[in-house]
């Protein structure tokens, strides 16, 4: 790895059994302004979300726009303060044992818009060395580190260090984003739609780079995307979000083979295929996406769910294990005691 | 829309209050004892003591402000040291003259400005456009008080057609005797708004004409005249906003022109108030002019919101 | 090691990276109008600064016999003023004060206004409201009125003029600064900087300032011509310079009564104000266009 390592990654405190990240009851809502500057309501961007991320795994997070994925990422990294909930990193509570500054050395983020995420006035090496400089690394050491990181992401420092963002392609900028995220030697990297804006061929290169870096540096990822194929490729486990809540989580292959939530099934069915034998006849999901300011009562998905019944509009389903360890879904069909007519049965198809 | 007007009205109150506060503090900015500034020079010690209590100069500043504000809301702007008359009386009379001048200047500036702006916008980058742009930039860069002087030189001194100063014989009437005094100052004042409006309209019209909806209209075979109407409708809100703003500046910035032409408006009054160190008159004039400006902006905002459905509330 | 992308080959042949400002400078120097205006201003400014050493007549030396001589009089190429002083030398000397009064308040307002605006824009929340509402109140005055009011109350004098002009120009600059900063603040790279653990001051200095100074600066330059006119206007009203200091606005004032005797000499100081003002305006416009295209 690096010859001199003044910015070593934070030590492994909890050991291999300890999840790297534990989130409990995380909630964040935003007020919505009405006409006369009064509050017309709130958007529950993230609503009582709990999950864990294990060391060295890739947790994929999928959902439509507006489901709260990006907000959740920003909550985890501390860019937004949560209204409620705890975040525990490697056994240490954030805000308690870990200060925000400590958190910065452990969690970093790669943003989606590769252009807006780089300061157009700074050179590439200045951008990458900014983080280390903030954490008291000497300028020349920070520069050396920036050059090392550029090499690590496949860019020659001699050609790229002194350039400006507008002179580079999307793929190159995303590599630089990754280099910047790695500059503080984090252990957890949040990738918020990191490849969504790239061309397919470039996307493949960047994804491979990410996997290599993960192996090389022992990283853990949270991979947020709306693109199911990419998530499947990258992730060990996958979490599905809808309107600020987690509706299902499972190992990637398990999710694809045996999804237990109607929304997940709909997402999977909506993926277009080039196979003429697998045509989509009917739209998998009916109805318009509901207003996030006024989510439906009971199960938030019930207005668009083909299996919805009376119980779905009155009682909110809880995320519960489906029998298979580590596969949980929030649907009344999965709960034998819910009162749903199909409760306890598996989806056929 | 109604909600917007109401909201805007509510918003005016703190601004008006703030403006009043600044006007109030101005007097206390002046070097020396503010009481001395308010009293006539030959005041007796008794009068001084009376005034001190009346104005509350022996009380804390916020209390003084409260007293002053109370009086202002009842229309009492104090007494002019120079003339001994009520300030409100002087100011209202003068403001009337200024409004007359400003309105005429605004009309001239607006009409010619819009005309030139449209011409320039329609004939973008042709010689018409270049001429108009040059005139506009010239108008905006010119010290208007100097222009006034030049116009006086040309039309009064050299040609003798129009009078150089004043508003004519006492008492206003809409006859040539009086109106001829209005022409030069109004034209002078109209130059800056004309330039700004021409520039704005030109940019707006040029933008609109290059937009696709105009192309679509023309492709539908709609006559040029109706295209023009569409463009005009789209340009109207901004045009009105700019003109309203300019009118405000005309009212507030009239002092320079009125000084050149000795036009007996609020600006001229302000001038004499300054040089006679007549602080109550100074304060009253500034307050009235500033509040006029605030109120005018309110009207313009609401008007703009009425015409332009896209206005979003802040 | 991941393979380097093909387009790297293209990059290796490209020239050395060009800064944004170099592109702007190049664009500016190619425009004849800009060059002309800049030259004129430089000419007037240097003449003004070097005035005492240019071998001109004494600007304070008058002669009651030779009052208000017309332009082209022998020995007085631009005539004489109402106290018999040589106009040419008066005009050039006046440039010092006039240019200073036109530039200094804007420069000072730029510094103060940018600081306030960037802080208000970045920090947001209550601090933003406090700053912006206060600014709104000053913005609620028409500029001429505010300048005259403050000068009128403080009394005549250059220092008071400078003060009142600075106060007049701070609000518009704060508004522009705050608006631009708010726009930049929402961009991802500011979030990334926050995610690095940097403090607010560091982020403002390193990331925000570089991206907002450009637009604010261009806006500020557009205010120079207004400041020149307003500053001369204050002197014209007798609120600025005191005699016998030459200053264009003040000269216009004292020569006003002379328009019946020698109108063209009386108009000369205004010509100077006009020329300088229009040059600054065109320069500012040109700079805005030059900076408009994405560098």
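Just a few scattered comments:
Letters are used for the chains, namely A, B and C, taken in the order the chains are written, and counting of residues starts over at 1 for each.
FYI, a residue touches a chain if its C-beta (ideal position, glycine included) is under 8 Å from a C-beta of that chain, and two chains touch if they have at least 3 such contacts.
All values reported here derive from a predicted model rather than from experimental measurement.
Chain-level centrality, scored on Cα centres against the all-protein Cα centre, points to C. Across the assembly, the mean Cα position most removed from that of chain B is the one of A. Note on chain placement: the centre of chain B and the centre of chain C lie 24 Å apart, centres being C-alpha means. Distance between chain A and chain B, defined via averaged C-alpha coordinates, is recorded as 56 Å. In whole angstrom, the spacing between the mean C-alpha positions of chain A and chain C is 49. Listed for chain A are no residues, as none touches two or more other chains. On the chain C side of its complex with chain B, the touching residues are 133-134, 136-138, 140-145, 148-150, 152-155, 225, 229, 232-233, 236-239, 249, 252, 256, 259-260, 263-264, 266-267, 269-271, 273-274, 277-278, 280-282, 285.
Chain A makes touch with chain C in their complex at residues 74, 77-79, 100-101, 104-105, 108-109, 111-113, 116-123, 127, 130-131, 134-135, 151, 153-156, 159-160, 162-164, 166-167, 169, 171-172, 177, 180, 183-184, 202, 205, 208-209, 212.
If you check the complex, the residues on chain B that touch chain C are 14-15, 18-19, 21-23, 26-27, 29-31, 137-138, 140-147, 149-150, 152-153, 157-158, 248-249, 251-253, 255-256, 259-260, 270-271, 273-275, 279, 282, 286, 289-290, 293-294, 297. Across the interface of their complex, chain A is touched by residues 1-5, 7-8, 11-12, 14, 17, 19-20, 187-189, 191-198, 202, 206-207, 210-211, 294-295 of chain C.
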